[in-house]
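Okay, handing you the structure first.
By written order: A, B, C, D, E and F. Residues from 1 in each chain.
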Amino acid sequence: MSQVVTFGEVMLRLATPGFTRYQQATHLELTYGGGEANVAVSLANFGVDAAFVTRLPKNDIAERAIAELRGLGVKTGFIARGGERMGIYFLESGASQRASKVTYDRAHSAIAEIQPGMVEWKQIFAGAQWFHWTGITPALSDSAAATVREACEAAKAAGVTISTDLNYRKKLWSREKAGQVMGDLMEFVDVCIANEEDAESVFGIKGAHVESGVIEKDVYIDVARQLAEKFSFKQVAITLRESLSASRNGWSAMLYQGGDSYFSKRYDITIVDRVGAGDSFGAGLIYAALKGLEPQAALEWAVAASCLKHSIPGDYNRVTVSEVEALAGGDASGRVQR
Amino acid sequence: MSQVVTFGEVMLRLATPGFTRYQQATHLELTYGGGEANVAVSLANFGVDAAFVTRLPKNDIAERAIAELRGLGVKTGFIARGGERMGIYFLESGASQRASKVTYDRAHSAIAEIQPGMVEWKQIFAGAQWFHWTGITPALSDSAAATVREACEAAKAAGVTISTDLNYRKKLWSREKAGQVMGDLMEFVDVCIANEEDAESVFGIKGAHVESGVIEKDVYIDVARQLAEKFSFKQVAITLRESLSASRNGWSAMLYQGGDSYFSKRYDITIVDRVGAGDSFGAGLIYAALKGLEPQAALEWAVAASCLKHSIPGDYNRVTVSEVEALAGGDASGRVQR
Amino acid sequence: MSQVVTFGEVMLRLATPGFTRYQQATHLELTYGGGEANVAVSLANFGVDAAFVTRLPKNDIAERAIAELRGLGVKTGFIARGGERMGIYFLESGASQRASKVTYDRAHSAIAEIQPGMVEWKQIFAGAQWFHWTGITPALSDSAAATVREACEAAKAAGVTISTDLNYRKKLWSREKAGQVMGDLMEFVDVCIANEEDAESVFGIKGAHVESGVIEKDVYIDVARQLAEKFSFKQVAITLRESLSASRNGWSAMLYQGGDSYFSKRYDITIVDRVGAGDSFGAGLIYAALKGLEPQAALEWAVAASCLKHSIPGDYNRVTVSEVEALAGGDASGRVQR
Amino acid sequence: MSQVVTFGEVMLRLATPGFTRYQQATHLELTYGGGEANVAVSLANFGVDAAFVTRLPKNDIAERAIAELRGLGVKTGFIARGGERMGIYFLESGASQRASKVTYDRAHSAIAEIQPGMVEWKQIFAGAQWFHWTGITPALSDSAAATVREACEAAKAAGVTISTDLNYRKKLWSREKAGQVMGDLMEFVDVCIANEEDAESVFGIKGAHVESGVIEKDVYIDVARQLAEKFSFKQVAITLRESLSASRNGWSAMLYQGGDSYFSKRYDITIVDRVGAGDSFGAGLIYAALKGLEPQAALEWAVAASCLKHSIPGDYNRVTVSEVEALAGGDASGRVQR
Amino acid sequence: MSQVVTFGEVMLRLATPGFTRYQQATHLELTYGGGEANVAVSLANFGVDAAFVTRLPKNDIAERAIAELRGLGVKTGFIARGGERMGIYFLESGASQRASKVTYDRAHSAIAEIQPGMVEWKQIFAGAQWFHWTGITPALSDSAAATVREACEAAKAAGVTISTDLNYRKKLWSREKAGQVMGDLMEFVDVCIANEEDAESVFGIKGAHVESGVIEKDVYIDVARQLAEKFSFKQVAITLRESLSASRNGWSAMLYQGGDSYFSKRYDITIVDRVGAGDSFGAGLIYAALKGLEPQAALEWAVAASCLKHSIPGDYNRVTVSEVEALAGGDASGRVQR
Amino acid sequence: MSQVVTFGEVMLRLATPGFTRYQQATHLELTYGGGEANVAVSLANFGVDAAFVTRLPKNDIAERAIAELRGLGVKTGFIARGGERMGIYFLESGASQRASKVTYDRAHSAIAEIQPGMVEWKQIFAGAQWFHWTGITPALSDSAAATVREACEAAKAAGVTISTDLNYRKKLWSREKAGQVMGDLMEFVDVCIANEEDAESVFGIKGAHVESGVIEKDVYIDVARQLAEKFSFKQVAITLRESLSASRNGWSAMLYQGGDSYFSKRYDITIVDRVGAGDSFGAGLIYAALKGLEPQAALEWAVAASCLKHSIPGDYNRVTVSEVEALAGGDASGRVQR
């Protein structure tokens, strides 16, 4: 009976140490991660009672993923067990002008082979407030997409708010397939999260360019407005990443809600690990919603939370409420805390 | 135009460091290995012109496997490229009474999906002297088994000697299936290598127990004799491992040739890494054959080579001819070489 | 509402890597451990619902200890929070004739400063079956000893079986003080666990030496009998360590129950990490009792479990029921499990 | 008979590797550090004959601290031995907007329990030129404060120049207590060093804000002037850190001497490890004084020395005179030195 | 019969980990590198058939250098074997205002003791298109310089294009000696590569300063023009490094060809490892020449390739053609590649 | 004015980690060592005032060797500075039947190029009691041998006892050269230390084989007697290593003094690092002599000290007097010391 439930794939993450390329590494750093698991961990770190649902095989590799989540405070009791393998992704950390590189080995995973009926959704959503999934889950397979739909129906029936992060992954499906499958699922969604490119990749929605003097903010407002109108979203949030290099990014976000748009402050980030940053934004937004923060405050909270994620190795955002509050409250000085 | 050709699967090997269990490790040591690749590397270290044939996808994980083999002196020019992934195995190093534990994630590999016709066997065997494969390759899939047959036919046509290591893997196939597929392939085989259990697992051949006073040596002689007679092998070699614990093993072998049997000296081994030891024995036997050593000397050479393998981390046996000669020649003192 | 409850100190364990001495190490390996926490973890690994009770301050060092225990499946909800610090121990791993060396920095810990009334014992023992503590806990301070008494009274009132491991630590208290405090607490104890020296150190009980032909087994039987008779224990178990060197130990145990004595098989162990081995024996004995095993089988189970502990880095015994069963069932070969 | 003597606490420093949070680290990097020890090491690296005085227990942890200082060239012969433990601090290195975090475990240390009379101050100061301590030492305990007074009296009697770094630590004492204790000790001090906040934290001294057009430099001049006048300091030096983020800082300083004020050049620093930077500034200032540098040159030297400290892991500033001279002389290019 | 041949010294490179100073490091990272080997590796990574020629002793240290090069795809069959040792260089990675520091231990190396006649140049250059060497090789010894001349004569005789990188090393020879020896060798050179300082260090060529309004670009054009005219080079390329700090550099280059000059775009680089960057520029230029790129495109290609080198640990530039093309084509965003 | 002075070469020691071969290692563990430095460190650890004399260049590599010795308590003030490089040795740790392998790179070192007159022997030996050197020092070069003679003359003049360890190294000189140079130097020597092979290698002295029933002990007694008589040694000590494998050795020693012979107890050793074990035996013998122990006790002390060395990584024997006393006193159990 958790407050928030997330559903998706958690993968074994094998990252090269330091800035070594895969061809140089003699060991790989072992952690786990995946969009929806990342959101659950982030919320658990904030003290929210969060459950993560997936399907995992019965082997050491998967047992550890579960043990780690449990240690981080995430409820793992509804994870379906079965299948042959869990997905793996290899991460090579970039630097300066060299981009980070992800090599996936996720086909044939237990979650890709999930079937509707394998998860006890009714029991899971009893008493829950929020359900979060991302565009990666339905992209894994048709049966995974069907299971997302099954989950959404159960969540709606239980009166649970549903958020999704579009999270388009071109190696998993085409834009056409994504648009069709996601389009069908949007009817359940209350809160839609996206990055600068997702709306166009998935739904073909580009911001309108005013004849002259258009400012970029207007473009994003337009995109958010189109999304909100097309799918009747209550909130649309868009993260805005300025990729100056693999070592340095600008980071901010916008929120569209009730016809109004809000823009957060912008952070100039020295990157330690940016994988999972979008997920930590989503978790921040959900947390803010659960706490009933006003739109601008909610947005600042989510951006501050995800700003901090960039400083932490691994997919998971290991920060506390007080750390996010301090940054959202204005202290970005990074002074030593004694 | 290599002297020796081996064919099979090379996997990404991810081992926990020290004696940590998988649940404890925060990084995994990255190397590569697989029965037939191990034999090719061992031979290349001995100065033999060895080629390894397999099928690998086009991604960083596979490129590195190839680069490493090339660096070790193995010819990689005939490796077929294609497929989606390469196999992975996770290794947890045991100690004392705790066994080492291997978790495979090798399904759907490029080599399991190989098809006859993908490899240019005729070109490969032109000028070659020896072809080696193990019972793992046909166990990967029916099409892999068919490709082994294709290779054997080409090798035989080119007058190449063929050796196989029975290498039974119960997670890949049943005893029944193994017996049937391997039985059909034995017609091509000149030299058969096995461990103490393989002959029974694959072909149901147990040594005869004389009513009274039977000595164990006789059992192995009987097994070897049965194998040799059933399949017309020129040589049968059986490695004899005494598993005192995960840290300490006795190690020796026997050779059956021309109706005579030979037993090697026995080594008392402190184990660093015993994975690949059987393969290093096979490589030693092939090297001895190429050098024309007499049976007892050949056997001692192969056992000394594989004894040394136990002291070296990773699947590959990184020893030189002079190091094997010194040990086979009697210096097992381990005194510092200055 | 856990089946088994343990109570004591968990410390930050900082160990030098490899066989380096403290003066050489440039990093220390960070784990946690302590007698009663070790027992709880071991039981949780066996699938038992185990809770660990202690007192810990509110800081990162303690939060991690809790998160780790939770990840390992131990219930941590009844840990009292407060105090200034948690205990630390520095471990230098010995080898060959050089002994391992423990340097404690545990004074002023939160658990040493615990007071009766800080833990909700009644709630904890509701529905529980077993309560385990060791002689270290009352040695920490008078108030800790008083809290052990408080716990024992609550456990008895709830009909819970109580086991204790004498675990004498000469740096914490004198033999006199130990004898007095422990003597008073023994009235609650059903199962008493000790190593070869504890009975003499704490209670001055030495085995009787028969005039001639005495065999050592008789000595331990005599010690166990004296203990059992003096304190009306239902079971007395004594671990028997033969310290051949810091790298190699003989390991077995004896059990005295209902006037009969049982001796286990003896293992010849190559040591990876022997800290916590006694605790893993205790956990094995508790598990066997919960499963209703017969005395000889229970003893073999506990010895096999603790034999395996010696092969695992860290205080915690990370083995499964099936692994213990395999060893107790006779397979000590350490053969690779594929 | 060292030229410079420093007195205070040296702690075991246990830092998480890379940018990992404490909850993620599986090992901690072991070094030592503390304000006054840092100053002594820095001076020894500059070739100054420097002695460090403290009180340490007799155990491995403390022996290593001493051995390390001795290896670095610091005289350790006057360290008092006794007590139960040495202080520890855990360091989590921040990055970008995430601040570094220090968790202290320093209560009950040997130096906190020091008593006047335990150190042979008269012998120590015979022939010495300079005595340095920081506001941390009297904050440790009343007896430590009394020992600072004892030391100051002995130093004054021996005609030794005394410098102090205010170094306010809010976890050790309140502003009120600090103001009172430090205020009493200032009568001995010739040179006062502080960061931007110390003067206000300890003595409540804020810079005056001129009605209009006030520039920040004037604020610091005013603070320094007030300090100098109130306590008759010969020199007041204030380090000026611009905390842009945990990864990037601006760094400069000002010096107030003889009624005149001097400002250094400003460095834009990419941070490797900023702990101990203030101490390295103090050491630079002392070195410059011993060498008789003019105020502006002395300030530039101290700022260059402490700028370099930010690039070096650990508390200690491991740079040579020629390296500081090169930077103070204008080469901040970081070009490879071949 | 390789397309490109390089000749020079490859050294064992022992680098301190992270940003530790040599005095702190407890292990050194082992790789290999050297100007001409770096060029060969870079070209092999681009798919060019490249051979590296040097002289190395027969020991493990040298065998590994060869094995590594072979693994990277470089042809090593013409390496002369003999001599007593191979050169070593110790590297301490700088950060911020602290410069990286190289300590050489390269005297008496096998390559320094090479003699004309030891290498089969005629065979090597048969069918080759390009020969590259740097100013380091003739600086090693008189006999090494004589061997460079011997190589150049053989290359010219075979119609091979010759490029050289001036690469002045003040620890190897004086400016006078360099100017004389290099001056004599320039008659063979078609393409001359230099950094901002080499031309003056080796040949005393400074750019003319126009009376007023001179811009720096003109200075480099003037230097390149003087070089080209004096030695009849077909191309002169000069790399332009702005050393903002050891952590951040500006990076661009200019090319002078056929009387025209070209300037590349400028990259703002966060440095991971800048050793070997100049060599990677040279390799880029050679690749571009082999591909027949136009001057501006060739220059951009070489600068993009060498920009990426700064992000990769070790001397070798481990990037692919497609990665360079992406950057040269304008994508410097460092976005994660999934 | 140290009690004991040793003179010889200290080298940079670069060892592969774990049991990796040089071809596998990606980092090398950095320590320092050398016969005479090892003896000085061992004595300093025992609390003896020991000085080490050598010649070292002025670079980072050498500075660290000195700083490390100073930290370990060895006096380094008489080390001559000059020359171009310090010697290096690469160590590959063996295991089981694979021997450890040392690759030297020590030619042209500062100590090999030492000349008589570079060291202030008179000042060094004023007040000293003992001078120790080994057969490695005169083997480095003729001038090093001449400097040993110079040192011996000064020591004798100052009434200092002289010990030498024959330490034959076949890669440094031939048996003939060694016999001649060492033979000339023996006139100064009071105490001669050797391993089982040195006496024959250097002086051609083999033990007499009695016709029948000869026991091995008699052989060593005979060797020692011959040595003592030929060179008028007061003591001859021979270490007796049984090289069962690279992982396990038997270790004992014999002492011949005043016509009597003594044999120590024998230890069965699990090897961590056996380099420097002979040196630690010499240090033990010197310590025992300084303490005036009786022959049998002195021998047991030296053997216990050197037994412990085998358990410690690096050349240096980091054990205390109390640890040696415990082992010499009979406790070889390796039980955890809490």
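Just so we're on the same page, contacts are C-beta pairs under 8 Å (C-beta built on N, C-alpha and C of every residue); 3 or more make two chains touch, one makes a residue touch a chain.
Just so you know, these numbers come straight off a predicted model, no measurement behind them.
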(request) Using residue numbers, check each pair in E-F, A-C or B-F against A-B and return the one sharing over half of the contact pairs. (result) E-F
(request) Specify, for the interface formed by the sequence copies chain B and chain F, whether it is same or different in terms of residue numbers shared by both sides, with half as the dividing line. (result) different
(request) Give the label of the chain whose average Cα location is farthest from that of chain A. (result) F
(message) Just the number, please: Cα centre separation of chain B and chain C in whole Å.
(response) 44
(request) Could you grab the centroid distance between chain C and chain E? Build each centroid from C-alpha atoms only and quote it in angstrom. (result) 63
(request) List, in ascending order, every residue of chain D touching at least 2 other chains. (result) 23, 26, 67, 101
(message) Using the touch definition from the top, list the residues of chain D that touch chain C in their complex.
(response) 14, 17, 22-23, 25-31, 59-61, 63-64, 67, 84-85, 88, 90, 92, 101, 103, 105, 107-108
(message) Quick check on the complex: what are the chain E residues that touch chain D?
(response) 18-21, 23-24, 94-102, 104, 169-171, 243-248, 274-275
(message) Taking the touch rule as given, give the residues of chain C at its contact with chain B in the complex, in rising order.
(response) 267-272, 304, 307-308, 310-314, 318-319, 323, 327, 332-338
(request) Write out the stretch or stretches of chain A touching chain C in their complex. (result) 67-68, 70-73
